[in-house]
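Okay, structure first, notes after.
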Amino acid sequence: MENLIALLVGAPLLGAAVLLCGGRRLDKVGHWVGTLLAAASFAIGLALFADMLGKSADDRALHQRLYTWIPVEGFQADIAFQLDQLSMTFVLLISGVGTLIHVYSIGYMEHDERRRRFFGYLNLFVAAMLLLVLADNYLLLYFGWEGVGLASYLLIGFWQHKPSAATAAKKAFLVNRVGDMGLSIAIMIMFTTFGTFTFGPVLAATGEASEGTLTAIGLMLLLAACGKSAQVPLQSWLGDAMEGPTPVSALIHAATMVTAGVYLIVRSADIFNAAPDAQTVVVVVGAVTLLFGAIVGCAKDDIKKALAGSTMSQIGYMILAAGLGPIGYVFAIMHLVTHGFFKAGLFLGAGSVMHGMNDEVDMRRYGGLRKYMPVTFVTFGLGYLAIIGFPGLSGFFSKDMIIEAAFAKGGTQGWILGSVTLLGAAITAYYMTRVMLMTFFGEKRWQADAEGHEPHPHESPKSMTIPMILLAFGSVFAGGIFGVGDRFVHWLEPVTGYAHGHPPISAAAVTSATVAVMVIGVGLAYLQYGRRPVPVVAPRGSLLTRAARRDLLQDDFNHAVFVRGGTHLTRSLVYVDHSLVDGVVNGTAASVGGLSGRLRKLQNGYARSYAVSMFGGTAVLIAATLLMRAV
Amino acid sequence: MSEINAGFPLLTVTAAVPAVGAILTAAVPAARRTAAKWLALLVSLATLVLAAVVFVRFEPGGDRYQLTESHAWIKDFGVRYELGVDGIGVALIALTALLIPFIVLAGWHDADPLETSSKRWRPTQGFFALILMVEAMVILSFEATDVFLFYVLFEAMLIPMYFLIGGFGDRAHAGSDENAAAQRSYAAVKFLLYNLVGGLIMLAAVIGLYVVAGNFSLTEIAEARANGTLDMATNTERLLFLGFFFAFAVKAPLWPLHTWLPNAMGEATAPVAVLITAVVDKVGTFAMLRFCLGLFPEASQWATPAIIVLALISIVYGALVAVGQRDIKRLVAYASISHFGFIVLGIFAMTSQGQSGATLYMVNHGISTAALMLVAGFLISRRGSRLIADYGGVQKVAPVLAGTFLIGGLATLSLPGLAPFVSEFLVLVGTYARYPVAGVIATTGIVLAALYTLVLYQRTMTGPVKEEVRSLPDLRARELAVAVPLIAVLIFLGVFPKPLTDVVNPAVRHTMSDVQQTDPQPAIQTVEAAK
Amino acid sequence: MNPVNYLYLAALLFTIGAAGVLIRRNAIVVFMCVELMLNACNLAFVAFSRMHGNLDGQIIAFFTMVVAAAEVVVGLAIIVSVFRARHSASVDDASLMKL
């Protein structure tokens, strides 16, 4: 069976190669090729899953070694895969959701003349993401890590003719590169400490390394995770990334790629377990981001940016859970999977709405769409209920577990984290209800655009609604399937380890609190957006609202410090290079030239002056000889 | 020494074929321009075949220097015509021979005479003959194991390069023809003067070495130094080292001796710019490995801290200045300065990973710069401008050109999967193992590389289509024949660098024992490291 | 008389000659001054010959005389032809060889 692992990556990679090199000949069939190969990857994944279920829990990991990638003295990097329960979970999520989104894109991108290339990029993404989760060492993981970064860059900037899209793509890549720096430094530290960066030996040897080293590795890994998973302080790219086509936002910037940071931390569990300081930082980053994203999500009128804020916030939950240690790893991954379902569904729903509304993204110009788009409404609604944690739906199970684990951290920390997660749940309920109400309820608020086209909202084609329906199923049932009987815990426990946390208050109390804050959030949003008509032009809002609309001024900070400062720095360096570094050399050349100009004047052509110099020279020579003799 | 090849002077022939080809190309009559081009292409391909034979014949497990040849040259001074290749030389000969056909192909029309010029004027013949001449000298300098022979080639190479830069400028120049000619001759003279000064100092060191050692043979001197029969006073060794290093640092080029490169690359045609940075400059870094470390191991270690600082400055400074450039070719030149910083860093980190990485870096940087620069040259020749601001939205009109340009750019920013990643990561790891702080500082280079590359791509290729670029054609067959194989090599070496590392590793092992260094051992022995 | 006095005289003559070469502009005078310097040397040679008691100095003095005679022939010829061409015997006028 293990020989199939390479095919998981290989199938979509082949698709990318064929579609990107194939040229216009493939324009007609390109999207089918792409979808088919993504589906093939999913099918192989299912086969491997079935095989894995047949084995005992401790014997499920598979390895496949293809060849030595970089053989250099003392440095062995292999192209080798490792498929254990954790990777399996990701493989099914990536290829499953990925395939659905391929199908959705067939309809969504139907009128785009570059659809073939779009599918090529999507396949490239799936291949790179699978490589990321299947790698058996950190360097190969890094390969996939940058590969998904590239795919994300290409897809965000897919509509390159829009300057905003091109800028957003560049920004995403650059911010991610800052994170990647962390990952490469982490690998360097591992190499000098352990002499290897293969998961097995590194994680097995963490016991022998000093805590300082492990903390350093942990913090560097966290930096990487922050970049990829859009966590504070490297979160600024995610909102802009919504410039990409909506299926991209659903697949890459909601369900899969942005969760890679969580994967990285959970994969490196042994390192974090032995470095409590690093764990604390992880938790803080998660907690800050979860509130940050939620607040931003409340203020955005662009439906995709509101959802992007939500994504950030939900990943904050996962990072927080991952920072809690063995009591949280499993729930981080569980929330990751359920989030993959409902957030992808929500984004596809948003895409469907935009599809019917002439690509309008401003929610203030929606309203009352439930009548026009019933399927979208129902699937979006189910995703909505799932994300706010409506009892019984998938988000309820996973989020509740994280909140419990946060309380179970113990001590003051536990109380703070628990309260933050509860507050986050309330805000989540608030902003999601806001999105729901502004989009599907109330009066219609759309108008004709400048050219006189009035949108005619309509339901999307089957190729788009079917993936939405399937994802809605996932949003409803996944939590129950995973949560009931601790099935998910037992599944992942051999890889990540598990310790049952004991919150200071009873689990039932936590659950009731969760439901209560959710109801409060929904209620507040209803009072504000359900009872009153939504103004088409956004009101000025409070200071916080205005700051939140601008991503809590984080971008302004980046712009002022890094962009402006960097521009000045490069400009002055260009100047220095031209006038100083080059100037010193040119100055030397000029002074040699000047000196020779002076010396040239001695050659005046007068025989007598030559005679003087000869005479003087002779006199000096004789004097010197005599002096030397005298001495 | 090696039996397999006793008798047949393979190395001489590999260098002689392009040299003879250069003379023949130069002799083609004025009217038969096209014939001269084809002749040059054929000769460069023949050289590629010979280089491939050298690559295959070379046995990684065998002697340090293989395929050796040795003949007396100037008996009175003990100068010999001594050739031999180690793995590093083999890799760089392969790089040179690989790139020249693409340079010839990319420069197909760069030296066509203008309508107005005289019928007897033969610029085309001269252009291709000079390129082949440079190839011959570069290959021979990678083969030379006699210090004097190497010195002669190191200097002689300047002559054809001078004419290539000064005589065949980029026709896409803002401003008048006269201004362009002035800029060009400024660049050519600057190139020549910088390198001559370096060479002069090296000459002094070469003579000094002769005075101390009594002969010019690299192998003999190194052996005598290793077994203690040749003792150098500490100061003598340091001075000689500095003399050699200065010349190589000018050529490499290392900050602050780099300012000739942007001028030369900016004014020369794109293929010649590639010839400068991807081929000729490699002689500098190659010589650091072979001569500086081989002849003066103690002095190398003495100078290491200072050189590492200079390399770090080159990396960060080159990248930052690249961000601020308005001219596409100058941007690539500064990017190269940053990359040369990585190469020097890898060499002087004195670890196996660093030195293997540096050697791979030389090869990979050559290929990736060639891909980026040649495609940029195609773009520039279409629009007739080197200024970034004159472009915009090219992606829409010429998607294949934009795609190949992007891949060249991604290689420049060391994306995993493309060859430069392997070498850059090895250099970083190798540096970190001995100098953690330097390793971390160098890592910022990967962010800055992304910055200048993506800014360049965004400004030229994306956004609304500018009026002036609306009618640009996409890549033609000849241009595809340049871009596609280079990209294929980049991908191949990115996922399977083993053929290269196999020949490079033993050579690095020898260099490491030259400088009497062993790799720092990991703090903790893991299961895998033990086996 | 003490032979050293001859040396003083020789030095004096040489200095007068050298000063004349450097200061005077007329080619004929310069030429005569050169002759004066040569003869100062001759005098010194003869004086040395006397002081050391061997004939080497006198022999060299003869050589010098021969060379001086040859030099007069060539030098005067050059001066005459320069004077014919430029109608001046000033050495400063003949400064065409400068850059």
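First chain written, first letter: the chains are A, B and C, and each begins at residue 1.
The rule is simple: contacts are C-beta pairs under 8 Å (C-beta built on N, C-alpha and C of every residue); 3 or more make two chains touch, one makes a residue touch a chain.
Chain by chain, the UniProt names read as follows: C = NADH-quinone oxidoreductase subunit K.
Owing to the predicted nature of the structure, the values given are computational and were not obtained by experimental measurement.
Taking the mean of each chain's C-alpha atoms, the chain whose centre lies closest to the overall C-alpha mean is B. Compared with chain C, the chain whose C-alpha mean position is the greatest distance off is A.
Chain pairs A-B and A-C differ in how many C-beta pairs they share in contact, with the greater number at A-B.
With centres set at the average Cα position, the gap from chain B to chain C is 65 Å. If you average the Cα atoms of chain A and of chain B, the two centres end up 37 Å apart. Chain centres here are Cα means. That of chain A falls 96 Å from that of chain C.
For chain A, the set of residues that touch two or more other chains is empty. Residues of chain B in contact with two or more other chains: none.
Across the assembly, chain C contributes no residue in contact with two or more other chains. Note for the complex: chain A touches chain B at residues 20, 67-76, 79, 139, 142-143, 145-147, 150, 153, 157, 160-163, 165-167, 169-170, 173-174, 177-178, 180-181, 184-185, 187-189, 191-196, 198, 200-202, 204-205, 208-209, 213, 566, 569-571, 573-574, 577, 581-582, 584-585, 589.
Taken in their complex, chain A has these residues touching chain C: 600, 603-608, 611-612, 615. Across the complex, chain A is touched by residues 18, 21-23, 25, 30, 91-92, 94-99 of chain C.
Put simply, chain B touches chain A in their complex at residues 193-194, 255-256, 258-259, 317, 320-321, 323-325, 352-353, 356-357, 393, 395-396, 403, 410, 415-417, 421-422, 425-426, 428-429, 432-433, 436, 439-440, 443-444, 446-447, 450-451, 454-455, 458, 461-465, 495-498, 501-502, 505, 508-509, 519-529.
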